[in-house]
């Protein structure tokens, strides 16, 4: 049975409906990708799993089960204790704490003891050497990408059983993005299931075995990643195909939404 | 509204604000939740006791006395508001704690309201008004008498230095005026140490005075500061006599670390006998008060309050005789009172608004055994320096 | 010269009391980034419990209960009030603590009435004299306690996960929660600790040379504000240094006030604030406080 | 979202919610027709009522009202600083003092009051009032090196210094301040009309200082409130919020951060100064003890109770905090469980402190936006 | 205290932005090491490089957030090197932030209006007294804000608090806020990070439109090579704070150093 199963999940923020009857499965040891445009509800979905909707005055209905155990009514900390670790959107490093302390914070949710933590730290450091170099720099002073690495490393410190990634490649240079991709595969290989929210659909679909496409709060498409990758819809909206056209659009601004802006004179 | 609306009752007594055919209403602006809470509580309860007794004895001028109390918690805004609130409905104020606030309303009192106000404060700055009348020696006079006591006891002599630790504000600075006068007269030098009511630890002051080589210390501050000062001085083997004004002592201190030291060489001046005194006046009051408020301890606030109330009562009686219970009437009556209050060991003379009602001071000493924690060491006396001293410049 | 030494030592000794109080502010600030104006009332609570109990159960047990009591009050404040405001802006929370302070203080002052309560400490008014300079034993005890506690917390913050969780929770609650940090527990513990510290501070603030615990004691706690700030609101070391600086400044300004009389007398209370302002002009985050991040 | 800061620059009761939380979509500034007209009527009725008070209330209530209005002005000022710029200030009482004493010194004649040589410039009182406000602003300006650089709590405590400096000066600069005695406050006079206790009968109602001053205060308050709203809803308001929410970004957007921080500090000082002048006129004598820290804290309490960042909030909060104790003491006899002082039991003084403390806590708890949010239900945490 | 820095209406031909030997050091590390490049007027100049190469630092220097340890930055003839951020903004240099820097509770409209700060006058007095001048100004600029919002497709979100918008939209708001400054030079730090392909297309188009219709210079930091290669007229490549390559996209793309340090051998 599925490691993580989400059934008929609906979430609203006050009047705003962010998710409608969303059902998602993350099979054990698999990587599941969730695609979708801005405001599709991807982050909301992860918030619902980690039970941090409360911080945004969001409320949800439906059931979320992890290893058959219902997560409803648990606090974020308990979800973490269960082994569900999230890398939040937009890095969210503890800016005023040192890099080292950020990693220690990550280890707080770990179930393992000192030894595991130490091992985890070494692993993170070899993945992202810069984090070792900057151990005593305040995280807020890191570059965007470095912060993204820190956020990733911080989550790994917790020794997750299910890893929720909200746009892990955000702001990463191509090389580093590729590196992250490998990492995700490695982690997954060691038996950690992964739920991957990615804008970089190319990477996402390459890594994932199954994928879901959210569109304004509902599951528009779902299925094996390779099949989706083949579908026109996905190719057009989420895959590299676009970039060529984007170029033309860009160069001789013809794209639908764009019109020209008169110069301001006053 | 200066008693203009005065009418005359059947017995031909003219009446005005705060007086009906059956009732005379007095106000009390006190502090029961602020810095002077302990004083305020005793004074107020003593005055309520006086009201009870007076009414039991048939009231004054066939009228029952009523005391309306407002607690301003030593907050100027509340104090002024309370005055404004009560002023139209009371004949006068038997109590007003907080000399700054008294000063603040003085204009109104003299200018239009013209109701008697008896502050529980002894600052000479309050003198000079026909209606705001300080009962007892002002802090300056009191201080002169205290220093005189030290001289008389040969604890200090011409040429000595004495320290004066005093509160910022009218209380301390008025006392300082006194000590400076006394020093001039007796050829002493004053070493000043000004403090704020929030200072509770007198260590630094003591070391400073010690280094200055003072032979005695005057303290014009609150009880806490006195306790700390005396305690530290004693503990550091700096054995000089310390004298303090009436506001610089509270019996509660005897229970503290400083208790021992206080009973050694500390003296307090006041314009009444201590509540624990054997004399008939204090004894009777102590008994009645203890009966009325068994839970509450005795202190000199009790006498101060009771005394003030009875002064007001006396004025009312006199005003009644001259058939004029309007504010002017009572004001005039008060101006005729002299030689009053002997049963508390001092006779007051209210005929001169510019002078304190007495220049005498009783010197007392903390003593755990007597109720109220004070015993007399020198009965009421006026120092020559105090006689000559003119409070107001 | 001895004056100077005596004033200096006197200042250091009272300073260590301020340091203890300041430490209380620091703990709360680290854990919640809120300036806790209710600290004075916690202090009063701790002192009160100790004071009423020491006659019956003896000083040390009473102190123990007092510390526990203050810790409980602190936790109660967190649980009943602060917890409900998570996510509110920090200055609002600071102001909320003012409200809390008023309520607690009013209640305690009501109970205390006009009494001056002694805490029944073992040191009494004993003093030790070294080279013509006398020091109250209570103050030596205070100094030791302050140094000890502050070291403990320095280590705790740096090396325990408690410290990390505390800072994380303070800086970004949501992400802290995502790290498995139990926000409730963290802030609760912080408030409990602050309460306990307040009780200890209360002890040294009310024993000799000060007469005892009474309604005005909480005002004295104010002196810890400049201490906490000039040291740096989020630095334990800062609390110690700040406390000592304030104590010494105050003591010297008082002792030499006759030489400073051109400034008007009684600048004892003022001086610490002047020093504080001077420090802040040069170091806007205090001597040891963490500077504002300047990166986007 | 720990930097969450109340939204500001909004009309008292409309506008996106002032609580530390995003407004639900839709709650725009725009108001539907009927609602608006209802409000205008309410405003009208309210103003008329206010204008009529002096004819019906006695001096005590008028004075209470005057205190409240003065406080309201001061509260609006500190709300500009704390509510809209996120700069905590505990030095507000100092600037009230500058206003109050400034007025006395500028307007008062040189004289001798019990022992103190008082110097005064004897300017026309209306001019003195204006100058006093400017003086307070200048005092704020002097502090701007600090106000411009410090943030939040640090500024808050730093401004505490002002209180102590202020008190020290008030007590020690005798020749200007009258020391502990304070100074007599020269009554304001405009176009030959003097706002003092000399009785003027208007419609069979004797007008004394309080009655006359009432209208001055009302005018001052109205002006202050409108001015503040203009500022908050305009360009400066946006700049201030930007500084509060993201200092660096604000600078990059072209906002001179230090200048604006200092600027708003000066402005709020001027508000305090105006409040000070009014208070002085009501007190008729300055009392140094008054301008202490407790006063500053009360002002902070006011803006939280009323609603951070909103002008109406400041006014409501000020009224609440100043009137509560008065009402309680006044009706202490008729209130349950509150007993007159000296009779044992809960004294009105204590009762009002409990209530006031609890109010600060409760209001923020149940109405995150302060009392002024009462009208916008359906917003629970 | 109430006047804003003088608005400089964008000159038809904006000046060149010249970065000369800029070095930035922080305790122990050199974030920028004698970096030089010139942004030709009206061109799109991309700055690329691995994470931590110094791109945002460059932006921070250009916008006055950081002081260059040495080196100079000139806009035309004016030296920006030591100017405060608001002065630089006053000269018409606008930027977006890599990590969002939007007030979460202010409405999008207000955020955009903040962008107009440098172009507007009314200070405390004018706004407080609601002088007609202030009112007129406000109207004028609100209209322009709406215009810009429509241009980038935010018209529907204008009255919402920025904080509740999805990440991608918030990035758009930042872009809009920068545009509202009517800049001569627009610094975009990863404007399309976190967007889906077609969203990228739209924003890319917007950027192109901006350059074409306003003729302003744009400095672009972006990791999406596809977009960079096609939008940029010139590219500067940084690595470990050093400029390791520069030139046309084509040149750069095939530069082995760049491939080795940044692009990797892409599939």
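Read from first to last, the chains carry the letters A, B, C, D and E; within each, the first residue is number 1.
Everything below uses one rule, namely that a residue touches a chain if its C-beta (ideal position, glycine included) is under 8 Å from a C-beta of that chain, and two chains touch if they have at least 3 such contacts.
For each chain, UniProt lists the protein as follows: A, E = Branched-chain amino acid transport system ATP-binding protein; C, D = Branched-chain amino acid transport system permease protein.
Everything numeric here is computed off the predicted structure, so don't read it as measured data.
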item	value
Lowest number of touching-chain links that must be crossed from chain D to chain E	1
Chain D and chain B - chains in contact with each	C
Most widely separated chain from chain C, with each centre as the mean of CA atoms	E
Distance-maximising chain from chain A - centres being C-alpha averages	B
Chain pair, A-C or A-E, that carries the greater number of C-beta contacts	A-E
Whole-Å gap between the CA centroids of chain A and chain E	27
Interchain centroid distance [CA atoms averaged], chain A/chain D, Å	49
Between chain D and chain C, distance of the C-alpha-averaged centres to the nearest whole Å	31
Approximate Å spacing (C-alpha centroids) for the pair chain B, chain C	37
Residues of chain A engaged with two or more neighbouring chains	16, 55-56, 141
Sites on chain E at which at least two other chains make contact	56, 65, 97-99, 101, 164
Shared interface positions of chain D, touching two or more other chains	1, 3-6, 20-21, 25, 171, 248-249, 252, 350, 353, 381
Residues on chain A engaged by chain E in the complex (per definition of touch)	13, 16, 35-40, 43, 56, 89-91, 130, 141-149, 167, 170-178, 199, 201, 236-247, 249-251, 253, 255, 257-266
Contact footprint of chain E on chain D as seen in their complex	1, 3-7, 9, 16, 20-23, 25, 28-29, 226-228, 230-231, 233-239, 241-242, 244-246, 248-257, 259-260, 262-263, 266-267
Chain B - residues contacting chain D, complex	30, 32-33, 41, 44-45, 48, 69-78, 80-82, 84-85, 88, 100-101, 103-108, 111-112, 125, 128, 168-170, 173, 392-393
Interfacial residue positions of chain E with respect to chain C in the complex	56, 60, 65, 97-99, 101
Interfacial residue positions of chain C with respect to chain D in the complex	29, 33, 35, 37, 81, 84-85, 87-92, 94-96, 98-103, 106-107, 110, 170-174, 222, 225-226, 228-229, 233, 264-267, 269-270, 273-274, 276-277, 280-281, 284-286, 289, 292, 294, 296
